[in-house]
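In what follows, chain A forms one complex with chain B and a second complex with chain C.
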Partner chain A sequence: MTATTAAPVAASPAHNVKQPSARLRAWATRAPLLPALIFMIAVTQLPFVATLVISFFDWNALYPKAREFTGVDNYQQVLTDADLRHSVWTTILLTVAVVLVSLVLGLALALLLDRKFPGRGVVRTLLIAPFLVVPVAAALLWKHVLYNPEYGLLNGLLHYVGGPQPDWISNTPLLAVEASLVWQWTPFMMLILLAGLQSRDHQQMEAARVDGASNWQIFVYLTLPHLRRYLELGALLGSIYIVQNFDAVFTITSGGLGTANLPYTVYQSFYQAHENGLASAAGVLVVIGSLIIATFALRVVSSLFREEVSRA
Partner chain B sequence: MSATARRVRPSRTAGETGGAKRPGRTRGAGLGLLAWVLGVLFFLPIAWMALTSFHSEADAATNPPSFAAALTLDGYRDFFGVGGGASPWPALINSAVASIASTLLVLILSFPAAYALSINRVRKWTDVLFFFLSTKMLPAVAGLLPIYLFAKNVGMLDNIWLLVILYTSMNLPIAVWMMQSFLAEVPVEVIEAARVDGARLPTVLTRVVAPIALPGIAATSLICFIFSWNELLFARVLTGVAAETAPVFLTGFITSQGLFLAKVCAASLVVSLPVLAAGFAAQDKLVQGLSLGAVK
Partner chain C sequence: MRTQSRRRPRVTLAMAAAGTLLAPLLSGCWVGAGGSGSGGDSVNVLMVNNPQMVELQKLTAAHFTKETGIRVNFTVLPENDVRDKISQDFANQAGQYDVATLSNYEIPIYARNGWLHEMNSYVAKDPSYDEKDVLKPMRQSLTGDDGKLYGQPFYGESSFLMYRKDVFAAKGLKMPAHPTWDQVADLAAKADGAKSGMKGICLRGLPGWGEIMAPLTTVVNTFGGTWFDKDWKARLTDPAFEKATKFYVGLVRAHGESGAPQSGFAECLNNLTQGKVAMWYDATSAAGSLEADKSPVKGRIGYAPAPVEKTESSGWLYTWAWGIQKASHNTDKAWKFVSWASSKGYEQLVGDTSGWSNVPAGKRASTYENPDYRAEAGAFQEMTREAIENTRPNDPGVQPRPAPGIQFVGIPEFTDLGTKVSQEISAAIAGRQSVESALKKSQKLAEQISEEYEGR
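And then the complex of A and B:
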């Protein structure tokens, strides 16, 4: 089966070269791909090039005539601006905290769900649900329904045990944003890690058990090494999404109380302050940050992908 | 009486010795229970949101919370603007148009592309796949300003079709990755047979490949729909009154407006319903879409 499916695929490029109309054939093969490829280049790559160009200009949309080339001035300004530097720090804190906590919680939940117990499907569905609430709606839910100091659910429940009645968002603004994001992203991590757990080699585990390995030993020496790449994948994909997070920051704190992350700052500097050049420079910095994560992410995806291809 | 008691007792002791023989069973039950507790805990905010949406505003804003308050549809009536106020319908319809139209466009573009990346492969097909993936890793916010300026110059601000194009570019990489992994499972023999019978590419795609890959195509569409429906940043910046989407409508609830908890809950739930429905329908393929096809 594997041989028959692999053979024609491997042979086709060779055919193309031999025949006289090889170039025509190569284009015929490429044709179905081109619309998608051209669309992507036009819509995602061109704007970024434009951002790069604008980032070298001093350009406030309110004074369009004063636009001039300033070289790396915007970058200097971005990197020395206290607010912007703070937003870089906030982005890192937010991303690292949310990714780590949801990864650990996701792993615990995935391990629990990997066992058979009555109602496992129902529990899985309950756990996925937070990820399927529209992000703005989830942020509103946390802001008004859970965190509200007067009638939110958290203080309501604390009331029963005679606990304090803190103003969650004012006291710990960043933590408040992080908790809501952890709630939404833990299911994502759980799903990826559960898929990882279920792709373990059960024969190997059975053999280890027969040889007298304890559950803990199996977890440390077989499960964790196998899960490593799934953990990496979850962490990296989670980072890519959470570095870009806008909804939670915008909704819960409106970027106030020191919670403005880079996407929010970029949004604010051009949408409210109309500083096109500065916003672009900040945008380019976000891209550079993401590219560093993306390089690692692509490596992990490609190693998983190669494995899938060779297994198929 | 005593007879029944005697009949019950042996079975009970048997159960106990069984439990003693296998200590894993009680621990297993304990872990199952823990899973249930955590599942309910994670779901609690959603359950509370649903319950609050059916309470009156006065009952919704009590401390301690009133769990057993009378149920009413006032929150929903208020949200849908029955008693005056902005109706959410235009925003909901805009979201539906943007999500459905962009999903269709994604399918039209990604299906042939996936064919060229999985069945009749172009050279360097893995490079092309990774190009698609890398665009997904470019933060959207970096392209926002040029897109805004472009839209302003060509008069496409506050136009739902601009969002359709942007959402298509946002979802196309995910769709290409998912689709190529689904199409790779279509047996080559079936396609070869159709080719031998003289079928041309469009026929092969629509008549042979599509029916086999249908479950995968459905899952791909649902995931693209979810991401489009959820999107806020572009919609917030690029739309105004006419093309406002549901998430943008929800941002109207960011600042408190007196007693409005039931209304907020009703609004959040109504806007999330399509996503919850699509997500549960695509549950089994969800992880594949979210991991861009890297995990099956």
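And then the complex of A and C:
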């Protein structure tokens, strides 16, 4: 901050004598930024531009001679393909269900953790653990250790008490994927909401209690309004990540039984169909979708920061 | 780590896209660099990270480089990544890699595109390589449309039926020497429940062209069905295809493993090893794991040929083979490496240094005559050899085919078509739709390919 304000001041006497020197100085102050900027552009923007260009070509990797410009054909195909439309719908269902359920569960856990009890630190660490497991490892764990009807834990326990032996993934494929994601994302929501709970104004709480408000009234009229921002933040960050989820679908069902979401379908058209153009077009559409969500997310985050600053 | 793996589809896509776009621009540099770098005394090899390849990497410097003075630079990647990288480098004829591992699905396709160097001239000049020793179906499946050889196998496999000898003996069941699928279905019904929690048979149900479609297509072949007839008409709703699919789906649903729609090779291997199934129809390479020292079913497994109906044999054929890039400036040295890695001498070397069960087998007749190998792999080696030798990669069914391949159709579109169809069949196994409706949808997908190929 000081550097940028100091530069024009220092430059002002020179400004009258010789003009290029000011520009030179401005460049000199910017110069140290340039390598990082160029690197950023090279590794993030150029590939995206390449993807954009490829998305306008009919290009199958195994037919190198038949590569040609087709305009918006790929986009048309992506938007009219029934499989792809279905995968968009699956993505929405998956994201909404996972975000809502993990928010509710996360809120419940955060409220419990907000109380003081012996061993709270240990319990908190244990609860956070699922979020720290590598996504693909978590998916494998659910597929083999829990769901497997032959040697999985769920059916093992049911067998022990003489219950039925359902085939979890085949009977309820989307629910099975959702459950594994909820397990992973509940701790994330819990952490955000716990931070929200702990930033409550305790004097306000005490005042409410003195005025004779019940626990339920305090929760509904004080805690929930206070948590609104945190709930929004959790929902938006969660959505951004779960829209892109690939590991759970790929591992648990391989996209079968109607669980293929958008990232999985893009993967399939790139790796299995070798349709570079089509996959790029679908990828660009996913980026646009994520951008729309991210814009909202950033707005919420910045309003949250503004609120914190004004409160401080 | 977290963000990275969550964003994988998009990031890989963008990176790969950049790679393909830049490759033509950079190919000039690579060829130039090749002149000085790999043109000297080194060969660049791109290969899949299977255990046999990793073993090869370990042995190369101390043996191949020592004998010939040729340095070998290996790039080793997982299967999906290696396919992607190979198709980029070879499609652009960038010449960065001289040699790459390709399967018998890709070799004829790559040969048709003119991406591979033919090998007939080398084989003719190199009697010590003894190409005649390579099993005939292997040679056929690595031959291009023009009749020339474009690959040399490193190791290969077919499919056969594995069953629990002890369970069969206890129930008084007998496996015929050449079982039919009807007999197998009958045996599966009788063996179902032979022990508590034991199912009759394990068959793959996991979606994927290389998962469920491999065994199912061999069943379709022997029931007299085909994906396409010789004029490229899609035949997925023909009575024979439908009968075969109904048989397969019905058998899995009635006497197959639990969780069938998620069961692939790895899950079935687990099921048989853990005593959850009495039979398993899958790759011959599975036998190595079943007979491994720590396996609880070691010595209790019997082996029978792939069950048949209307054909003499029905096993599939799969091999990882070496292909030499046409744009390579180093083909002579590349051949020296290929002929060393696929030679009898290399098998002997692996047998001596790390045991005969680790030998990249399934490609040479002489392997199965080696007394050391026979002693180590006695239980299944004869059946494996028979299975591979009996395959007919260009004529696996009862009618002429438009493209090579037993458990696949040798066209670039098959990976996508096979995977989409496999998802429909997998849903039928889960009981979410009928076989008829699964095949009707699949037929529509296949007809799109018919339209492109008809009259070509």
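Quick note on the criterion: the second predicted complex is superposed on the first by the 268 of 312 C-alpha atoms of A that agree within 3 Å, B and C clash if a C-alpha of one lies under 4 Å from a C-alpha of the other, contacts with A are read in each partner's own complex, and residues count from 1 in each chain.
Here, a residue touches a chain if its C-beta (ideal position, glycine included) is under 8 Å from a C-beta of that chain, and two chains touch if they have at least 3 such contacts.
All of these numbers come straight from a predicted model, not from anything done at the bench.
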Sticking to the clash and touch definitions up top, decide whether chain B and chain C on chain A clash or fit. clash
Touching A:Asp83, do we find chain B (first), chain C (second), both, or neither? second
After the superposition on A, what does A:Pro225 contact: first (chain B), second (chain C), both or neither? neither
Tell me the contact category for A:Gly255 with respect to chain B and chain C: first, second, both or neither. second
Touching A:His274 in the superposition: chain B (first), chain C (second), both, neither? second
With both complexes overlaid on chain A, does A:Ile192 touch chain B (first), chain C (second), both or neither? first
Look at A:Pro164 in the shared chain and tell me whether it touches chain B only, chain C only, both, or neither; answer first, second, both or neither. neither
Just checking: does A:Ile54 make contact with chain B only, chain C only, both, or neither of them? Give me first, second, both or neither. both
Is A:Leu237 touching the first partner chain B, the second partner chain C, both, or neither of them? first
With both complexes superposed on chain A, which partner does A:Pro32 reach: first (chain B), second (chain C), both or neither? first
Name the chain, either chain B or chain C, that contacts more residues of chain A. B
Of the listed chain B stretches (27-35, 99-107, 225-233 or 261-269), the one clashing with chain C is 225-233
So chain A touches chain B in one structure and chain C in the other; where do those two contact lists coincide? 46-48, 50-51, 54, 134-136, 143, 148, 150-151, 165, 244, 246-247, 254, 263, 266-267, 270-271, 276, 279-280, 283, 286-287
Which part of chain A faces chain C closely enough to touch in the complex? 46-48, 50-51, 53-54, 60-65, 83, 134-136, 143, 147-151, 165, 167, 169-171, 173, 241, 244-247, 252-258, 260, 263-264, 266-276, 279-280, 283, 286-287
If we count contacts the way the header does, which residues on chain A are in touch with chain B in the complex? 4-5, 8-9, 12-13, 26, 29-33, 35-37, 39-40, 43-48, 50-51, 54, 108-109, 112-113, 115, 117-120, 122-138, 140-146, 148, 150-151, 153, 155-157, 159-160, 165, 183, 186-188, 191-192, 194-196, 199, 230, 233, 237, 240, 243-244, 246-247, 250-251, 254, 262-263, 266-267, 270-271, 276, 279-280, 283-284, 286-287, 290-291, 293-294, 297-298, 300-302, 304-305, 308, 312
If you look only at chain C, which of its residues touch chain A in the complex? 1-2, 5-10, 12-18, 20-22, 80, 83-84, 87-88, 91-92, 109, 113, 197, 206-209, 211, 257-262, 267, 270-271, 274, 276, 412-413, 415-416, 419-420, 422-423, 426-427, 429-432
Counting only contacts in the complex, chain B reaches chain A at residues 28-29, 31-32, 34-36, 38-40, 42-43, 45-46, 48-49, 52, 60-65, 109-110, 112-113, 115-117, 119-123, 126, 128-150, 165-166, 168-169, 172-173, 176, 181, 184, 187-189, 192, 201, 226, 229-230, 232-233, 236-237, 246-247, 250-251, 253-254, 256, 260-261, 264-265, 267-269, 271-272, 275-276, 279-280, 283, 286-287, 290-296
